[in-house]
Amino acid sequence: MSLSQAETVAVAPEETGGSLGRDAWRRLRRNPVAIAGALLVTLFVVVALLAPWLAPYPPDKPVGQVTPVSIPGPSAEHWFGLDDLGRDEFTRVLWGARWSLVIGVVSLLLGMAGGLLLGLLAGAFGGWVDGVVMRVVDMMLSVPGLLFAIGVAAMLGSGLDAVMIAIAVVNMPIFARLLRGQMLAQRRSDYVLAATSVGVRRRRIVLGHILPNSLTPVIVQGTLTLATAIVDAAGLAFLGLSSNDPSIPEWGRMLADTQRYLSSAPLLAVFPGLAIVIAALGFTLLGESLREALDPKYRR
Amino acid sequence: MLRFVVRRLALLVPILVGLSILLFLWVRALPGGPAEALLGERATPEAVERVQRLYGLDRPWYEQYLRWVGNVLRGDLGVSTRTQHPVLEELLRTFPATVELALTAMIFAVGVGVPLGYFAARRHGTWLDHASVAGSLFGITIPVFFLGYMLKFAFAEKLGILPTAGRQDPLMDAEHPTGFYVLDGLVTGNPEAALDALAHLILPGIALGTIPLAIVVRITRASVLDVLHEDYVRTAEAKGLRPATIRGRHVLRNALLPVVTIVGLQVGLLLGGAVLTETVFAFPGFGKFMADSITARDYAVLQGFILFTAVIFVLVNLLVDIAYGLIDPRVRTA
Amino acid sequence: MRPVNPASRGSLLEVEDLSVVFRQRGRADVRAVDGVSFSVSPGETVGLVGESGCGKSVTSLAIMGLLPKRGVRVEGGVSFDGTDLLSLPPDKLRLLRGRDLAIVFQDPMTSLNPVVPIGTQVTEVLTRHRGLSNGEAREEAADLLRRVGIPDPSRRLREYPHQLSGGMRQRALIAAALACRPRLLIADEPTTALDVTIQAQILELLKTLVAESGTALILITHDLGVVAGTCDTVHVMYGGRIVERAPRHELFAEPRHPYTGGLLASVPRLDQPRGVRLQPIEGSPRDVIPWARGCAFAPRCPNRVEECTPVAPELLGDRHGLRCVNPLRSDQPATKAVPR
């Protein structure tokens, strides 16, 4: 009994700390889930960054002979085989990481920026500003995410920009709610009361105290959202809402274009599919273990 | 309780009004302007004029909006440029299939997820628990369309035991008075058709239900773990009650409260996921129709369907909230 | 008052060298209960007294068989009316629990299921153990609620826990515990979570009810004031062991263990001269040494001598048992008078 009490005492300061505390870092390193997530993420990012050097062939040019009925499968020269247009599948999967990372990160940052701004407005001003912002957020959440993204992407005309903006817009309400909730909770906390009582001005309290302390959950949510952004981007591409340029090796589009070879070359759709899973799983595992490490409440 | 419902309904009004404004403006922001967006590039002048009249594009914007809302409330959602049928007609024709599919997915998610989450919590820290946590993380991540493809590959291509396209064997002689094919088979006294329709639902249902399943497992597990540590469960044990009584009356009745809320939120996920799932399985429902409309730039359909989905989603969550109130006495008698 | 002579009757509950060890991976084992022995006669009221963490609640959970299976090792013997409870198969134990053995827990706010009506939480014991139909059980439950002093019982049966006050809830829990007229009732800090004014009522209610039905009572508390008006025999626990045991009057009149003396001195008393301060026990129950290295209370003990370590004293004495090498003398006041 006294042991668990001692543990609570040791953990307590971390809960209020804004930075990734030493204790959280230690828990993270000891968690096999976190390590698995970190490895997958590293693999994904390294492949994305080094794709031009890692890829053995050009991503947009045929390198072998194919007909719709004879698509060569994996071999020593072409590890994942050739796709339906005779391009090297392995090369295209590697390049796909690049697009996935770009789309994921850009849409996450855009959505985060927009959402945090909304949340900051609502949380800092309260009152009618808060009311209006939260009604807008409710409204956005009342359309199922993927349909919302379809609508936005269709409005902007298809293309990578449209996909990124669509996903960003869909993710905004999550961050708006998160930051607002954090700020409301922090505003009632002791250290903010203390700062107020010694006459620190509101802007300084919000920017200097409340905001930094709200960032930990934002980082966790950001990691998890990156995973869904990658999956959603692939989904939009699967529906034909991505770039029309066939030379861009986008995983969702690769899957959509090759799924009709279910009987003759079933692996063609499996490789990009697995690539999406690896990338998304990596960020999910990392995000979940981050949340566990930072918030002992989730530990089980 | 009545007051609770009325208050919740009142909260819906600004959301729906805002949403309708948004969708109204959306058409205006489409590439090529509303007339071209709604009619396609090769529209005849008469058709353009019809749209102009329908939307009153020469009038001030608020008058246009009110006219449009009036039309929507009368059930006029415009005409599909692809099929030349009214959008409402297409909606009512395709929606039953999606309802059937979504129900299958939900039954799968809750029917498998609740027992799995419960046993994972009861065997906290064992391999079953770890496996269910890992499995649910995986299930949340895997894209619906990829899972659908893999299911098709395994069950249709390799094993050849389940159909992977459509809702009914085209060679089967079946009537469809209600549009819900399983129900149709039963009411027309054709159990074979009902079974066939059911078989067509299995793979898409699993594909669509996997993310909700993963979420239900997680929520149930966490919730049961919480409840098992509650004092009232210890009290129930101290009374020497039968394990079944403790499980049903004292553990699950409390632990499933959060699951009810989650199920409501999944409806949005299901309607969105249906677009992808129905595309993979060539399932002629609302989602497939919408996916086809994206490729055809059929904006009238997209507008009508998105509005309809939002209304359904909001109403389902209202119903779930009311159901929650009925189940939880702390809300009901407050 | 019943006669205090447990030895003349066969005992109902016999706890023999009971130990409970909590084991956690990567941590040292924690021995929460360490060789506790005591017995309870039919109709007797026994007090188990000590600070939080002394092992008194764990003892009661061990008797009831309510400790988790994993990570806990229970040793020794608990025999109830000749039946060994520790080796009883779970389904047999379930038949005893709630019928012959019952327990009332500390916190009535959390011990009732929030989504089940009060009525069901009382009747479920009756239908389970006495085979009553639902209708019969409801009548009986209404009767029970009336007996524990809940007005308008037929309405209360339909209500949910959140609609009742804390005192009412504890009465409902007592009603459920006594529904099958158990032969042994364990009350684990039954009044601690309640308002002071309610505490006395609940205590009085418990006393009356066990006296009426001839139920034996183990009253677990940190508060010697609660024990004073109720118990026949009192066991004082510290660090998982019984350090002193005696008939109530003797314990209050002549405490021998310095810990008992300290507990008594920290209770406000009317017979104390004015201007005498309450005397807290120094330190906290966390400042213990393992019994293997001496008396666990030694670090906090005012009477500490060299012999307190490294060998822990045995519990000696039949009628008035004591585990101490340097007990309080009868002329040494339990309360050191500290003039203001």
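Every chain is named by a letter (A, B and C) in the order it is written, and numbering of its residues begins at 1.
Keep this in mind: a contact is a pair of C-beta atoms (placed from the backbone, for glycine too) under 8 Å apart; a residue touches a chain by one contact, two chains touch by 3 or more.
Not measured: the values here are computed from a predicted model.
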Interface ranked first by C-beta contact pairs: A-B
Furthest chain, CA centroid comparison against chain B: C
Centre distance in Å when chain A and chain C are each reduced to the mean of their C-alpha atoms: 55
Chain centre separation (chain A, chain B; CA means) in Å: 24
Touching residues (chain side chain B, partner chain A) in the complex: 14-16, 18-19, 22-23, 26, 29-31, 124, 137-138, 140-146, 149-150, 152-153, 157, 222, 225, 268-269, 271-273, 275-276, 279-280, 290-291, 294-295, 297, 299, 302, 305-306, 309-310, 313-314
Chain C - residues contacting chain B, complex: 64, 66, 70, 93-99, 102-103, 105, 107, 110-117, 120, 124-125, 128-129, 160, 162-163, 173, 176
Residues of chain A touching chain B in the complex: 33, 135-136, 138-139, 142-148, 150-151, 154-157, 227, 231, 234-235, 238-241, 252, 255-256, 259, 262-263, 266, 269-270, 273, 276-277, 280-281, 284-285, 288, 300
Interface residues, chain B side, partner chain C - complex: 125, 230-232, 234-243, 245, 249-250, 253-254, 257, 327-330, 333
